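So that you can tell them apart, the chains are marked A, B, C, D, E and F in the order they are listed, and the count of residues begins at 1 in each.
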């Protein structure tokens, strides 16, 4: 199945299952969808593109195969020059500089999921460890299937997770005690526990149903005013990182132009006529 | 029933059900308690007044009628000159300035619930959408009845909520995935779900029992040291918006005077004498 | 039982139940483990010492006796010159200065639990009120037994809690409504409720099993790369107090040196050989 | 001379010396323009009003008489119930609460000068101490006459300045060593020194010339696009209190509507026609 | 003169005047070096490239021709589709979205000067207005010739400067009164005034001598330890945007790896041998 | 000359030249007062002690000998195990941990000058490089003699200054261009330049006069209300690191107790009686 135009990619299948919805599927099932450098560069590009593309109003991220959403970093590939591959003959300060530039780029690619102006829903299943947590923590809404098995796995390979898990996880679930318990120990947790602590919003019976629900939810979002939906994403993310006073002000500044859209009128009119409203591109 | 002295209001019934407790009831049941501009101006004034009024030590906000806590903004009234009513013949920049000043004022009135130095408990029931979320998010403690139906409804009329919901909701419930799911889609959620995610603290069988429990809880707070209760509110709100280091310092500075109250002694003495302590006004 | 070398203490029993694990037991059971000034000074010293001591990689805090983890501040002792004991013959400004210096020192001792570079697990049981909340909120992971009874008790003695509860509690559980409800009213809550709101991660049948589980969990952490475990603690704490952008950057700067450890190689090699890895001291 | 319509005031003479410019003159020369409570309440009201009044685009603050811009707080009046006037028969905690509410209100009135959306120029002369520094630090641009004598005087009456001097002064002059030197010692400094350290922008020969220059400068600002001028004030104040990254973002959000004004076109067109542009009200 | 390899550009002459120094010359003298979109995109690319290029350790930005460093934005080009060129047939909210994306990109290109890991010295002369201030405010060190004429010109075309001037200027000169005076009025200021207020560090007789001095200074920096020089840039920029406590911590984390360079030893050894030290690439 | 009681020290001469003033003299003139580890530990202790010692109300830091205030870090001593002395046989991550702990402690000792609740005046002369800048940047007021020669010297030994210079210097002088120019190049600057950019407040003819002036100024501060003077220091430091809104609030909270001192009354009374006021200890 060829990718939709403009979204050519080697490691991702990109399709448009419903109107204005883009589905990005991680496609390396033979390696449990483990990531190596070209993959995250590609993911970053795809997310940056859809961010400003008026043809899409919601994004769903899924993964190919039944076994894993992603097993995280492909450590083998990384050790050959990727994540950990820095010059051998330089002093630790220069090595640190190389590492930092590498992490900066890696983080930027994954953060592109969060920075994407369109809402992103992630549908997880099976093994979802390491980078799976970093990546899904950038999505707006997390759905998963019953069989999903999660772990903040990095401690077990001797590093503190550095692509976003430790930064975002405390801000997306309520119990700091739980976050620390699982992150310090790298212990597994399942879908039910993920739902209980608020890491995912909903759990479905299997992968197929999870993906279906994610697409359905994305389709719902895509049917609503893109001014309203994208503004809601922006303002919720702003709130996470700012004081109430600063966010209230930012909200007013944001909406002083956004409220001048035609969408409110279109929505109210459609309501009166009992018709589905249509909204201009954004 | 006339309002208690000093709290005259057209759209709110203000009473004092128990000693030192003020009850503010939204009173426009024939319109599902929907708000228009004079209402939020009035609410702001009432909250500012009770904030410094030594006669009251806790506030309960309820709403008249069985059907709704509030259906949010009265869109009809707003479209006639309120929330969206700006000059027609000016350029978008000047229109934006008018909108901003309007939002600033609206936000300030609702934020008065949060800024009120006395603890505010809100008792919700029935339809509780749009502004209902903005307003109740400013309260300290949220109770609701089983029949309450919530929705962050703004997306459905083409706007990103701008009176506080998007700013405060991520800071008062634990699951960011859930917050985004309901805010992006405007989907309904019920009392049970609100309790599970932590939006409300307790759920009661019906409106009457919810109001009763809220008043009982407020009465309990009003019986305790106002220095301790009001300080607790202040310091918890400070913590939400500041680092741990900054809040610890602020706490020390706050308490270096507050600890010089007579209340500790009064409380300990009453404890020894097995009597209910009484505390001076604040 | 004598304390382990270097950790002599009058009010704490300090042992090493398993390799690289330090157990610190509050030992004033005859007074329900209530704290007075020498105790928190001692606790601060112990935590500061273990923070840099390469012999220990995880800490467990427990309390002696069956009745209480701690009943909080020993008000009687405090009123004789401790927490509230300031000069009587000075003006309120000078009194405030004395109080502030006292609170600063008290906060610093308790915060030493959070600042400790090694992960700290607290195992609670029985009466756990007042300072029990301040102290345990500084720990990384909280376990408790079924019989634990919690209360943010300070309001009942006329003060707003000032040793950290009001600062940290809103950041370690998800429901701000619940936090305010219990903190404003000083009402009791039990282990089940503490688990539901995320204050504790796990609940066990009784004190013995709670302590056992905490030691087991600490032992697990101590068996992992100390570079990874301590880095995870540091980065999670940083995330709590900073924006996502700032924490991602801090993470990169932290890891640009930490990733140069031998631990990743040791962990991978042990994995290949199906052996338990061993890691150098830190 | 009666005040301009809508700006009636007892302690200020309010005139409009040139088109779209409002002059507010402190008018209590017989007391060296010392402030007491009704004065700052009045000043706050005047500034709040002009902030949204489309008839004025710049404000000049001056003071009557030759001797003083203002000698600061009228200590005598204050000691009779104003700044320091709190109930005598309450404990220090309750007294502190009264003091805090008083300071909050006092600060809000003076901060209204900074919050005013229109640029404010202050023209100082003669004795300018205590509150003179708090107030002028809120203005956007400070001019003074050669004879001006400044002092952060509060230390000499036993208090740390609390109406804004200590908060704003470090942010409006470059040398922190100088700020501390004059604030800790309450020593006098003159116009030349004020210019050298950057507290004032320009010094003029006498009061008359200072006022004339301030009005001329305000008239220049009032002739320019109010969208551009008021936006510049807003964004400069935002920059002072935020990181570069946050302010760049805020700037983009602000300007995404503001750039949609007609003023750019009007300015360019007037430039081509070599005419003075005129801009719509704001 | 062809550009140095890897730095091909249409609007900039890129040379390496001395070892490890890169000179980037704005090259559109026939239009007073006014910028249009392709120019800032190109500048951003050049700065991003040199940021990680180990062959260069310092950058000098100059401008071709005698008349102007840059006259800022090429308003004519911009009005044809650049800075202000947004769709005509969309509502103000969608127009605002287009404007925001445009400003974001523009800001990112200019901010690349600040983000560049190598120190950047700017040598200014002649007309230096509008974007000249935005751009030079991103440089680390500003030199200028006597004949430089500066203006924060944006107000005169009806907009508040939005590419960084209003954000950075208050943080790079000491007098906020002066910043506001020149930014609100768009008045001209000369080299002497720029030196007095601290906007530039040094003034030279003419353009040639300014460029020469900038290259000489850059050459000096390039001769020193790149670990030390680049770390100093990073830490000074961090300090500008953070509290002292946070920056001290960041400094420690940064240096815990950087201090492990060979450069200290090399520098000390060279000192002992009275030779010029050489340092490895970075 | 023996040190004053309670301030015994090996590397500092501690005297009380005037009432309530403490003078701390760096005393290693034979090594140009260069610092090694025991010295900064001792300095930290001295400053922590005087911070709460009611017998002293102002501190002056001077240095012995005519040649140098301090030549900074004693690199020779450091290389034998101090600043740079970490284990040789550990991996770069573990080495980094040791370095970080060392920097943390070093920073804490120097920051004790800033944290000291009493105002600290530093009187500099001769060679004042490296740590001289870190240390004096922590003082409140900087005086120097004409012969002082300054340099942010660290770049020349291959490190970015990490004990505070890069953190505080941008916040205590106005020109960021100048700060970067001298910090990136390690170039020398003299007393006149230090005065012009605002690094020092005043310059005196020679060391003796500088010290005399510093003591005289400290004596002046010591004669004023310690509540007012110490509050002024606290609030100015708070302002440096916080937004205006946050600092205004902190100021109100601070002063709600401090204003309850007797000092205002004492000052006013003494003014009426034309006598010198005396104030209680703090």
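A few points about this structure:
Basically, a contact is a pair of C-beta atoms (placed from the backbone, for glycine too) under 8 Å apart; a residue touches a chain by one contact, two chains touch by 3 or more.
By chain, UniProt protein names: A, B, C, D, E, F = ClpP/crotonase-like domain-containing protein.
All values reported here derive from a predicted model rather than from experimental measurement.
Common neighbours of chain B and chain F under the contact definition above: A, C, D, E.
The chain pair with more C-beta contacts between its two chains, of B-E and D-E, is D-E. For the pair chain A and chain F, the distance between mean C-alpha positions equals 48 Å. Separation between the centroids of chain A and chain B, computed from CA atoms only, is 33 Å. Multi-chain contact residues of chain F (touching two or more other chains): 92, 95-97, 171, 173-175, 197-198, 227, 240, 245, 253-254, 256-261, 263.
Per the touch definition, chain E reaches chain B in the complex via residues 92, 95-96, 245. Residues of chain D that touch chain B in their complex: 52, 90-94, 96-97, 101, 227, 257-263, 280-282.
The part of chain E that touches chain F in the complex is made up of residues 119, 140-142, 171-175, 197-202, 217, 220-221, 224-225, 227-229, 231-236, 239-240, 243-245, 247-248, 251-261, 263-268, 279. Interface residues of chain B facing chain F in the complex, by the touch rule stated above, are 250, 253-254, 256-257, 260.
Residue ranges on chain F touching chain E, taken from their complex, read 75, 79, 84, 92, 95-97, 99-100, 103-104, 107, 111, 114, 154-162, 164, 166-171, 173-181, 183-186, 197-198, 240-242.
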